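Per-chain numbering from 1; labels A, B, C and D assigned in written order.
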Amino acid sequence: MAGIDYVTVTSDVLDLAALTDMVGREDAGAISTFIGTTRNSFKGREVVRLEYEAYGTMAEKQMKIICATLREKFSVINIAIAHRIGVVPVRETSVIIAVSSAHRIDSLQAVHYGIDAVKELVPIWKKEFYADGSVPEWKENCEGCTRTLNAH
Amino acid sequence: MAGIDYVTVTSDVLDLAALTDMVGREDAGAISTFIGTTRNSFKGREVVRLEYEAYGTMAEKQMKIICATLREKFSVINIAIAHRIGVVPVRETSVIIAVSSAHRIDSLQAVHYGIDAVKELVPIWKKEFYADGSVPEWKENCEGCTRTLNAH
Amino acid sequence: MADTINAQVLFFARSRELAGVSSVKLQVPVETTPKELLSLISAAYPALLPLVDSAAIAVNEEFKSSATALTLSSGDVVAVIPPISGG
Amino acid sequence: MADTINAQVLFFARSRELAGVSSVKLQVPVETTPKELLSLISAAYPALLPLVDSAAIAVNEEFKSSATALTLSSGDVVAVIPPISGG
């Protein structure tokens, strides 16, 4: 039975319960999720909020590629990848990955792989705003890394 | 700042959103969850429901031990482990583990370790009921395994 | 004869079904092992024999290894723990 | 002179802020590479120079490796992709 690959880039608040319910299925014994939230600090500086921007159409394409890769590597049933754009205040959710599988190891590994892949391959950017009023900064998931992006 | 170790064995429906919100915290950038659900089959036989039974007080003690182990091994903030008892119909949730951390790898690894530990150490049992009317069976997480339980 | 105490013994899941009870009081040795306890309990409840090799023993809500030397006291709670299947 | 086309170039995040625009039309060579495109785009928008070494290029919503030989067509969309930070 073909599984769901649900992807979205949205300015709406993300609904964990809805996404988890979406990936559930009668033959699934396991659902794993990852939820990225806005932290109140970064390297000692107080963060008041994050603002996200996306190349929306390409981001969703890249997410579909990630779904296909997850299906190649793991025995999964349904996949949901959702990313929020616009302002995301402290404690709120910016990204959710939810994956279902018959047995737990597959969804656990798939979610881990999936969030790493999102952070590497999906054209979305966050800008950090600080309490001390200093200049807001565009962040990089891979500061100082050797770039592997283009190998894909 | 000391973190939450929330554990519960309950006949109530488990609330993923509430548990996830419980483990969230301003300094958490990541929350990972595992949700175990009732599958509609086991080795080719159609399952209509599961019934769970627990040695409740000991189960919660063992869950607290698991929380302590997670804190030794991973840099986590808050932990919630909830297990449902009584009838759990197909697609419904029997167990939730939710863990928050500053960075994703810790909560991802802690949840994986945590569900494995629950399945190994927490005195809860499930009985499977089949559509073909055959005798319901008490399952074992570790059928044919060398028992390591008592080493703990 | 070695000293004995009157211990509360709990049964769960398959052990409860086989024993036909959830809880009993049994005379057990003060100095014993989980292996010995299982033998003794299954002597009192022969229907439990199929579980003797796979069940664990918990004393006061702590798992005890099969050959651990135990010293039991009045009021101790012994549980017969069949292979678990939670999660 | 080699053939050129009028490509749509998109800017995001820091590249959008530095360029001061989200989208422009630029004459670019039909035969090119991402590295060459970045040089050409930053010649048109010198404020983008700090990003030349860290940005990637996507053509029609696909990442292209730095030295990949590209053949562009009318209507192609080129995006300047700063280092990403989603998730």
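Here is the rule we use: a contact is a pair of C-beta atoms (placed from the backbone, for glycine too) under 8 Å apart; a residue touches a chain by one contact, two chains touch by 3 or more.
Just so we're clear, the structure is a prediction, and the values are computed from it rather than from any experiment.
**Q** Which groups of chains are still linked by touch once subunit B is set aside?
**A** A, D | C
**Q** Please flag the chain sitting at the greatest distance from subunit A, going by CA centroids.
**A** Measuring from the centre of subunit A, the most distant chain centre belongs to C.
**Q** For subunit A and subunit C, let me know how many angstrom lie between their CA-based centres, rounded off.
**A** Centres of subunit A and subunit C (C-alpha means) sit 49 Å apart.
**Q** Can you give the whole-Å distance between the Cα centres of subunit A and subunit D?
**A** Centre-to-centre distance between subunit A and subunit D: 26 Å.
**Q** Would you mind pulling out the distance in Å between where the CA atoms of subunit C average out and where those of subunit D do?
**A** 73
**Q** At least two partner chains per residue is the criterion; list those residues in subunit B.
**A** 36, 115
**Q** Can you list every touching chain pair?
**A** Touching chain pairs, listed by label, are A-B, A-D, B-C.
**Q** Quick check on the complex: what are the subunit D residues that touch subunit A?
**A** Of all residues in subunit D, those touching subunit A are 10, 12-14, 16-17, 34, 54, 56, 58, 61-66, 68, 79, 81-87.
**Q** Applying the document's contact rule, which stretches of subunit A touch subunit B when the two form their complex?
**A** 16-17, 20, 24-41, 90-91, 102, 104, 107-108, 111-112, 115
**Q** Would you pull the subunit A residues touching subunit D in the complex into a rising list?
**A** Within the complex, subunit A touches subunit D at residues 36, 52-55, 57-59, 61, 83, 94-95, 115, 118-127, 138-143, 147, 149-152.
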